[in-house]
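After the structure tokens below, expect a handful of questions from me.
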Amino acid sequence: MHQLADRNTPFIANEWYVVAFAREVGRSLLKRTVLGRHIVLFRTAAGAAVALEDRCPHRSYPLSAGKLDGDDIVCGYHGLRFDASGDCIEVPSQPVCPKGVGVRAYPLIERGPFIWGWFGDRALADPAAVPSTPWLEGDRWTSSQDYFHLPGNYVSLHENLLDLTHLSYVHAESFGTPDYARAPYEVQAKEGHYRITRSVIPTRLPPVWAQPSNLLHDHAARIATSEFLSPGLHVVSATFYDNDLPPGTRPEFRIRTCHVPTPETHGSTHYFIVHSRDFALEDASVTAFMREQLMLAFAEDVAALSRLEQVLAGGAEEHYEISFASDAAAVAMRRHLKERALAETGAAADVRADS
Amino acid sequence: MHQLADRNTPFIANEWYVVAFAREVGRSLLKRTVLGRHIVLFRTAAGAAVALEDRCPHRSYPLSAGKLDGDDIVCGYHGLRFDASGDCIEVPSQPVCPKGVGVRAYPLIERGPFIWGWFGDRALADPAAVPSTPWLEGDRWTSSQDYFHLPGNYVSLHENLLDLTHLSYVHAESFGTPDYARAPYEVQAKEGHYRITRSVIPTRLPPVWAQPSNLLHDHAARIATSEFLSPGLHVVSATFYDNDLPPGTRPEFRIRTCHVPTPETHGSTHYFIVHSRDFALEDASVTAFMREQLMLAFAEDVAALSRLEQVLAGGAEEHYEISFASDAAAVAMRRHLKERALAETGAAADVRADS
Amino acid sequence: MHQLADRNTPFIANEWYVVAFAREVGRSLLKRTVLGRHIVLFRTAAGAAVALEDRCPHRSYPLSAGKLDGDDIVCGYHGLRFDASGDCIEVPSQPVCPKGVGVRAYPLIERGPFIWGWFGDRALADPAAVPSTPWLEGDRWTSSQDYFHLPGNYVSLHENLLDLTHLSYVHAESFGTPDYARAPYEVQAKEGHYRITRSVIPTRLPPVWAQPSNLLHDHAARIATSEFLSPGLHVVSATFYDNDLPPGTRPEFRIRTCHVPTPETHGSTHYFIVHSRDFALEDASVTAFMREQLMLAFAEDVAALSRLEQVLAGGAEEHYEISFASDAAAVAMRRHLKERALAETGAAADVRADS
């Protein structure tokens, strides 16, 4: 068995994962699968987001196929009524509702653009453990939101983000440049937190950065940091400036992108993206231009990870992979995920999921 | 393991099941799957319906891809000829046909609109055990036939029919009314025969019944009985009348619907429907109106049971369901199916069919 | 377990199989699956055909999704460079490329229209074992090439070819004639080489042969031989002449067809066809006419074998088949395939492949 997490590694349940953008959840029932669990999401009349198990305890009908009535869900099969805590409060065929019947409610925390959910041991659901993204809450950054349904495992997405040498190849036609793969890098790893910084200096920026920053020459600096903050959050930060100007006097342009890989099944991932910048804050045309350019690039990742998933899922047997020095952060991250998964399951069992 | 039959319970072979409407079977080869068995159906020149195993014993080619020649099937691969009893009577590549070669022929009984077949132990195939539907054979009732290919297990369909509280929810837009789920009911159960009667008095009938009976007011009576008669037949009877008129003087309107769930695979069911009424016998416009209305409603069941199947088939593990008093008939029925299945297989093995 | 190979029998790896027509492989990357293995094919600048394992040893990305650069493949994910022998010769993120990293290269031999590949023990890859097809290399025969992606197992295709009684049934509408199934035949079997010859004399030829040979009457001779030469090659030869003319004086017309069944998965086969004739060598209209007629007939085989595969793959349990005298060659061939498969795997394990 591999020491490193891969698509067959059990999910890590005791962790916060983004279940939806805040704007997605409202006064209708939203069906979603997260970590292989089927849930139904909605907001109460007072605005609180709710996540319940999407399976009636009576005859297993999906509650998401029922109706939201006030703050209750009424099952679409035999009319059992559940309140926002998941308790069954009415069985229409009888005058008295039995106690102790209900569905599981999952703890949620709404913060900025995200609704975070917890699917593990409820006693461990510490709100303080929700990864911090303070720049998404003030007004010093401007953000845009996007989503991909990624037909691949979330571990592959994290690893993709921690080895940016791929920019020169996967993104050769979009925001990669040939010098990226050979640029010097620095790795920082501490338990549960993995970071790689790559400095491409001097360089010619691709249009997505060159145009809004007006750094159109070949002596720009491009310094990018990928950070694995939790199984549910990866942040890529980048700084651009004119390398011929001295520090302090030169304008610097910063972007910060939340790459949010929420496992759906072992073979698919909800890939939420929030892209933020600290310049041209009010310029909607810059937002539109960058968003268009970035989504082209991220679609290249989705295509590549989809191809990779076909190889990984189709493998009849275990297949060892070779790693290089630049993989140090990714390898440490995957070892960490594997150890956490095994610690939770208390066993060494990998799954061979066909979904 | 559950005490109650569910989608993973082995099929009950020693039972009569409808394999086709009589009108479907003629002088061409009809391929069908019943209880997971592949069969080919046709009629002899004299009009007798025949069901044979759909697999040539030579090289496994489906006989249904061959040709009907007189009362014989000629295999479409190497020309082996089978008579209506399943015996191989000619091997073209040699002058003499070996004895004892053939395919299994399944006992069939044609009665009214149905052709019933037996797929279990041939010694137990008692024609007297074909469920009785005498109203389909005289001229006191008018009937129409319909069919759904249901992407769900047959047990779920039986259970759906035995808990009509679902009318208020699944059929809220068609023939359900809000008072249905709370109406008093009476359960009768004896081994192999389960019945629930629900009296909704007074009520306002939905258009499908109100219009042809002219009971357009809010003081109608609606008394419905669901009866599980065998694993292959469920009959729902209903009586409607003006509750303000005394018994004896008032006109009463009766409908009787055969719901025929023939398992195809563990995840799919042939759902034959024969709807009969004892009024407006000659009025084709009533037939057309009721049929259109009812098919809308039964399509709602098919959609609901399809959703349910996705939950049940996707369940990685056993999932216990809670039952209420109104489930008494359904629970007894499912226990009965489970016991019969286990008695036949002589083992406790459930299947996890992926089809 | 069956004594005869069937769709669940492991592939025989120590054998030459056609991986592509020579014309298919050029200066771009061609992705293909053979014996369940994923490979990438290309030609070097000097024209040598190359087959490499289609999986980067670093992070499992398919090399076929990369780029051909000179005689090297550059991986499309992180830019590792592999030469035509499969050795990794560059890792962009570091100055030195580690030794001993690479992908498997498969021995290839190009001969006439075919590129043959070897996927078993490299030490056993004897070029002399490539089946001989000398008529494809001189100028005494004219040939045409075709291909079907067959949704069925390769064993079924070999067996189809060794029992030509099927011509009267599968090909009743194309090049079969009713007398074919009952014609006398002769079987020759020696280990690894199985042959059946069928003489249909006198007969009326179907248009595909009658028209180009001008043997339009009912006293033609049609002598056909099917030969299993290896798991990867089957040749069907036929001779036609006017049976009323004495030997020596009469013109004889010969065709020879390579039927090349290369296993893709257990449920699919690359079916390469090269059809040759020794008459009307320069007449392109004869080539076009025969090719059109034959492809209609071979498409009937593909349809029949596809139906058969559905039966075989859907079988929940082992199913014994009865064989007749005319199956002697096919049965010996299947026993041979089974023995070789078991000898390679050193075990009796059949597979139940779902692909």
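For reference, chains read A, B and C in written order, and residue numbers begin at 1 within each chain.
Everything below uses one rule, namely that a residue touches a chain if its C-beta (ideal position, glycine included) is under 8 Å from a C-beta of that chain, and two chains touch if they have at least 3 such contacts.
Keep in mind the model is a prediction, meaning the values are calculated, not measured.
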Comparing which residue numbers chain A and chain C contribute to their contact, where sharing over half means same and under half means different, the two sides are different
Through what angle, between 0 and 180°, must chain B be rotated so its C-alpha atoms fit those of chain C, rounded to a multiple of 5? 120
Quick check: how many Å separate the C-alpha centres of chain A and chain C? 47
So which stretches of chain A touch two or more other chains? none
Using the touch rule from the top, collect the residues of chain B that touch chain C in their complex. 36, 38, 55, 57-62, 65-66, 74-79, 91-94, 98, 101
With touch defined as at the start, can you tell me which chain A residues reach chain C in the complex? 159, 163, 165-166, 168-170, 181-182, 185, 304, 307-308, 310-312, 314-316, 319, 321-326
